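You will see two complexes here that share chain A, one where it goes with chain B and one where it goes with chain C.
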Partner chain A sequence: MIRLERRLTTSLWLRLVIPIGSLLVAFLIITIVLMLSHVSPWSTYSSMVSASITSAAGLSETFVIATPIILTGLCATMAFRMGIYNIGGEGQLYMGAMAASGVALELKGSPGFVIIIAMTVAAALAGCVWSLIPGVLRALFSTNEILVSLMLNYVAGYFISYLIFDSRSYWRDLTSAAGQIYPIGKAIPANSWWPAPQIGNTGIPLGLMLALVLTIASAILLRRTTLGLKIRITAGSVTAARYAGLKVRRLIIVVMLISGALAGIAGAAQVGSASHALDPAGVEQVQYGYAGIVAAALGAFDPVLVFAGGLLLGAITSAGSTLVGPSFPVGLVGTIEWIVLFSVISGAFLVNYRVRWRRRGRGEEALLADPDATSVPPESEQVLGEQPYLSTSAQVTRGG
Partner chain B sequence: MLRAVGITKSFPGVLANDRVDFELRRGEVHALLGENGSGKTTFSKTLAGLYAPDAGTIYIDGLATTLPSPRHAYAAGIFLIQQNFSLVERLTVVENIILGLKEASLSRRKHNALVARIEEESHRYGLEVDPDAYIWQLSMGERQRVEIIKALYRSARILILDEPTTVLTPQECEQLFAGLKRLASEGTSIIFISHKLPEIFAVCDRVTILRAGRSVATADTNEAGMNPHHLAEMMIGRELALSTREAARAGGGQEALSLENVTCQNEFGRTVVEDVTFSVRKGEIFGLTGVSGNGQRELAEAIAGLRRRSTGTVSVDGRRLVSGDPEDAIRAGLAYVPEDRLGTGLVPELSITDNLVLKTAWNRPYSRFGFIDRKAIKELAAKLISDFGVVGQPQTPVGQLSGGNAQKVLLARELTSHPKVLMAGTPTRGLDVAATEGVRRLLIAATESDIGVLLISEDLDEVLELCDRIGVMYKGRVVGVVERDRATANSLGLMMTGMSA
Partner chain C sequence: MSSSIEVSLAVSGVTYGAPLVLAGTGELLSERGGVMNLGVDGMMLVGAASGFWVCRVLPGPSWLALLGSVVAAGVVGALMAALFAVICISWRANQIVAGLAMAIGGGVLGLSSYLGSIGNLGGSAPAHVLNQIDLFGLANLPAVGPLLFHENILVYASWAVTLGAAFYLYRTRWGLFLRAAGEDPAAADAMGVNVVRYRYTHTILGGFLAGVGGATYTLALIPSWTNGMTTGLGFIAIGLVILALWNPILLFGGAFLFGVVINLGYVLETRGVTIPPEFFAALPYVVAIATLVLLRGGARRSGGPQALGRPYSRAG
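Right after this comes the complex of A and B.
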């Protein structure tokens, strides 16, 4: 019989060993998959590593791709930490990209740094507008924010596609040679391209630095500010939050605005560092917003770890895109990416839970099917230290 | 019928049961008496198959039996009714009773037959309950009845009730006791876990006393020389009397809290509090009692701003409170110890420290410009933890504390907010003698600093020992307010059932 118990405390050692172990397991599985596909695992690995980490160009590319993932990861983190499931980072990013490219085109001729600041602010505001919709609906009418924010991703996606592919909009390039052959976005002025100062031969994109600053700001916000405490109280119990005099509705809206602004800035970073134009196909292909949710989960919704998770996802995505070739189908790239993610997420589960094997018949196992069996100790006799692990309703029991 | 010999169970760091011997006869009500932490619950869970003992044997009908899971215990006819009921709130009584059984899906005809049977059984044992009601609609007392009927429906031979009276009114207790006696006379054996002595004499035939995990003695309650005093000594090894308080002379004192014509509805639009008017003076303890589910909880929420009032006014120290605004109530000086300690009054996942500043973290000196001053909060936490004798580290999540300790955290926070009014909902429910005493002393101390205390309690002894005036709620109305000197448990009990005293 296998059963899972929630750990009350997790040692630092486990926090380090489990992710590394998960990656090793992932690469073991990938090796088998690659060998079955008649692809040499070693050459694949070496090209993956060089394409994403060891070569300067590859590392720069990883940073560029990772930036929007980190920012949408922070977007998910801020909301999820309060129990508000904003999965609209994707759509909020599209709106941010649209606003950033629009502002950059409009301000053509201004100094670069002015345009870049304006892009960032405009993108943040656009993200806010897009997240305000599910936020207000949730706060005032208890509408399910998951559905609303998810649906708005499609609305935003179709909207930016319309701007480029189906209309002669301000964003579309109608004059250049390339633009007359195939619909593309108008390039933003060259001085508004986000700089990437070189360290050695590796470019550190401005967006990544901004993401780092916002990561630290998010961590401080959650840990050191009254807003962070309010978020933690509300996440723990909405009733207790109301009892403590918190305005929960207002808090939901504030958190959604912060969340949306982060995703919007991700859109600005994508335009400024990667596409230099509104590029619907490009942004939609990577699905930064959804990757951000994965990064947030990888980082256990802790901003600093989310930053690391975003870098990992950026590396995998960037490595994957360079692998594709005649002997290496796109599907295999996706397979590799998802095996890595699956392993790391499963491993993250082990950080919080431990697996126990026990002979059947030793008792103490609570059967999931038994409503009477949820053995939460009654509060009056619950003594500190008496229960080594909190029994949770998530106890899973499989026949053994 | 059931015999347990040398049951030993340890958890890391705690020896919860140490060679406990216990014997249960057919058709008896057998009390398991002991202070909190004496191992009563652990022992009952062992009997119910929830824990496997480290050593010892359980004999059922003379046969050595192992109970590796609750299923095995059910098969042996043993049912444990825990303090936290295991009912599904969104299902009806009938659905809960058949949950997990083969007849889980019902035709109309079978349903009616089942309803009839439940009504008959519940009537027979005086445990009346509406079979088609949803669990969330029921009071705690009614939920307990559902648990008992559920066990009976599964042909229970041995019922284990873990502190069953903590959620009941005196009348409900009487009904429960009558039902239990009836059950016992028909051959069901009952293990009655309690730390309240009068109950044990009221309903039990024999009593086994647990102290610090050991079975100290088993005695016949009818034996000569048995009295509560003697049992108490055996239970705690020494004697501990609860604080009581002389009633203050009526009249004096300004109004700390006053309610005028307060009416409010529950979530489904039904009027549950109707036209309530009374006031609490500074330095007095006003008791509000009644059978649970007669609007006390909703009234408390209406006062605290957690529930909107449809009409009426609530004033704290002469200042009218905005309806449905908890923040306004807090600012006006209302401290509130809610009935639901964990989940409303405290956030279980957060640390003792964070919970201590749940209402004040955004004020100076605990934060500046939105940033928390961790040093100030740590100092406050250290001070309150030692002043109020909380057992726990500042970083311990309150969800891991015992009920008494959690209540100390809650009271510490509320009393240090310099309130004008302290409203407490069943503040001693589920606490052991020592913790109850601690809470009572804090309530009494509050009156000495001129705070008006509104004590909402179903425990008549408590109300009669602490309060100056007592109001009784029945069907959402306050049907009477009496001076304590003129009140008796009997007269209050009658008012609680709607008959005027």
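Right after this comes the complex of A and C.
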């Protein structure tokens, strides 16, 4: 008989070994999947590594792709850490991209750094507006923020599609030759393209540096500030937070605003470093907002690890976009990410629980002999500051 | 067939509501047991792709191939749900994170699109299509004919599922035990209900129904494979469960209304109304948010199963 026991303490050794072991298991499963689809795993791996890491152009591309993933990852992290599930990073990113490209077009002729700062601020505000909707509805009416934020992704997606494909909006390029053949967004002025200083032959995009700064800021906010403490208390138990005098509704809105701003900036980085115009088809196809949630889960909702998770996903996505073709079908990238994610989630279980094998008879006797074993109330699952991996805050999601 | 706009809309409500009924009822059963599966959309997409694929390769008479395809779609959905169940029920992972991972991993950039591209499913007609059947020869009756007696078999299946689920939940002891497992697993356990087994079976059943719901698109409604063809309607199905207060009959009514909304643009377009398509595409989501706020927002109690989303184990 197998019994699971919750670990009271987890050694640093376990915390390091298990994620690495999970990645190795994922690697093994992916190898099997590749072999089943009649693709040579080793040549695939080596071409993936060279397309995303070892070549300078590939590494630059990886950084550009990783930037919005890291930022939406932070967006998910900030909200999930409190037990508020903002799945709306995708839509908040779209709105950020819309605002950033609009501002850049409007400020044409201004110095580049002015435009870039304005793009970032405008995108953050647009992300805030879009995350405020589920935040306010959640805070005031206990409306399920998971579904509202998620459905707003589709609304935002159709909105920016409308701006380019079915209207003569400010964002649409109606004059250039290409724009008259196929609907595209107006290109933002060249001096507002986000710079990527070269180190060797590899470009380090401005967005990535910004993402690094925001990662550190998020980590400090969660660990070292009053707001972070409030977030962790509320994650542990909403009831406890109320008894401690915290204004939970206001906290929900504040967290959603921070979360939305991060995703909005991801949209600005996408426009500034990659698309240089509002590109609805492109930005909806890559789904960096959802990839951000995957990155956040890979990084166990710890900002610094989320940054690493975002880089990993960026590398996989970058390799996928370079290699896509008969031997590297569309969808393989997502499938690989999925396998990695599930291995890591499953590994997280081993970090928190100890698996004990016992002979059948003795195990049951032990269970019967221990009166506490059957009468532990479900509240015992609600540990303060627990990772959102394991069941936190059913209470927060249930509202009230 | 020319018919009044009301009849066309009602028919689209029934037809396009069917996948929502199937997937939504699956989710409802799973949530009644206490497991929130946010991966429905991914399971629908993977079911849609695999059903379409099987339909193309399966030899034999049309009805047999179609039956095989529907079953295959359901089984694939059930397998995904089984994986989800292991992670969430046995390993006690966060259901929201794991469910989203299922939705994303099965979705537009994940497994379903992988299947679509290695199976070369896109851009071709299916070998067989689930056509509307003329039930009792009554299809030509005015109004009710096209509405009730001229639908594809999965629409009728969705009606059967609704009635079956309602009977099961409220009139059988297993339904009672399932609800107990979702409301108060510790009490259910003390009563002798195997909570873990109930949660597993109903989560997997939910995945089966989601897979069949997905196959409704590729085998009957559209019928072809396009990447991401559910356009996130799996999430509408999850929203419907909340709107319907976890009641299968109310869910059926909600699915009918959303079927009307989903197809509204198309019906109006064929009648010469020109409004940007994005408006109609976004409409179901806007309506879903509005109804969630208006109908469920004011309620102090969420009305859902008390232990929804909470893993259960005897010893914490």
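As a convention for this text, the second predicted complex is superposed on the first by the 357 of 400 C-alpha atoms of A that agree within 3 Å, B and C clash if a C-alpha of one lies under 4 Å from a C-alpha of the other, contacts with A are read in each partner's own complex, and residues count from 1 in each chain.
Just so it is clear, contacts are C-beta pairs under 8 Å (C-beta built on N, C-alpha and C of every residue); 3 or more make two chains touch, one makes a residue touch a chain.
This is a predicted model, so every value here is computed, not measured.
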{"item": "Touching partner for A:166 - first (chain B), second (chain C), both, neither", "value": "second"}
{"item": "First, second, both or neither for A:224, with chain B first and chain C second", "value": "first"}
{"item": "Chain B versus chain C as contact partner of A:113, first or second or both or neither", "value": "neither"}
{"item": "Touching partner for A:232 - first (chain B), second (chain C), both, neither", "value": "first"}
{"item": "Touching partner for A:240 - first (chain B), second (chain C), both, neither", "value": "first"}
{"item": "Contact breadth on chain A, by residue count: chain C or chain B", "value": "C"}
{"item": "Intersection of the chain A residues that touch chain B with those that touch chain C", "value": "367, 370, 372-378, 380-381, 388, 390"}
{"item": "Touching residues on chain A, where the partner in the complex is chain C", "value": "3-6, 37, 80, 85, 87, 137, 141-144, 146-148, 150-155, 158-159, 161-162, 165-167, 286-287, 290-291, 293-294, 297, 329-335, 337-338, 341-342, 345-346, 348-349, 353, 367, 370, 372-378, 380-381, 388-392, 394, 397-400"}
{"item": "Residues of chain C touching chain A in the complex", "value": "38, 83, 87, 91-98, 100-101, 104-118, 185-186, 189-190, 227, 231-232, 235-236, 238-239, 242, 276-279, 281-282, 285-286, 288-289, 292-293, 296-302, 304, 307-316"}
{"item": "Residues of chain B defined as touching chain A within the complex", "value": "11-14, 16, 36-37, 40-42, 45, 49-52, 66-71, 80, 82-84, 86-88, 99-100, 162-163, 304, 306, 326-327, 329-331, 336, 338, 340-350, 354, 357-359, 361-362, 367, 370-372, 374, 391-392, 396, 400-404, 406, 430-432"}
{"item": "Chain B-touching residues of chain A, taken from the complex the two chains share", "value": "224-230, 232-233, 235-237, 239-240, 242-247, 360-367, 369-388, 390"}
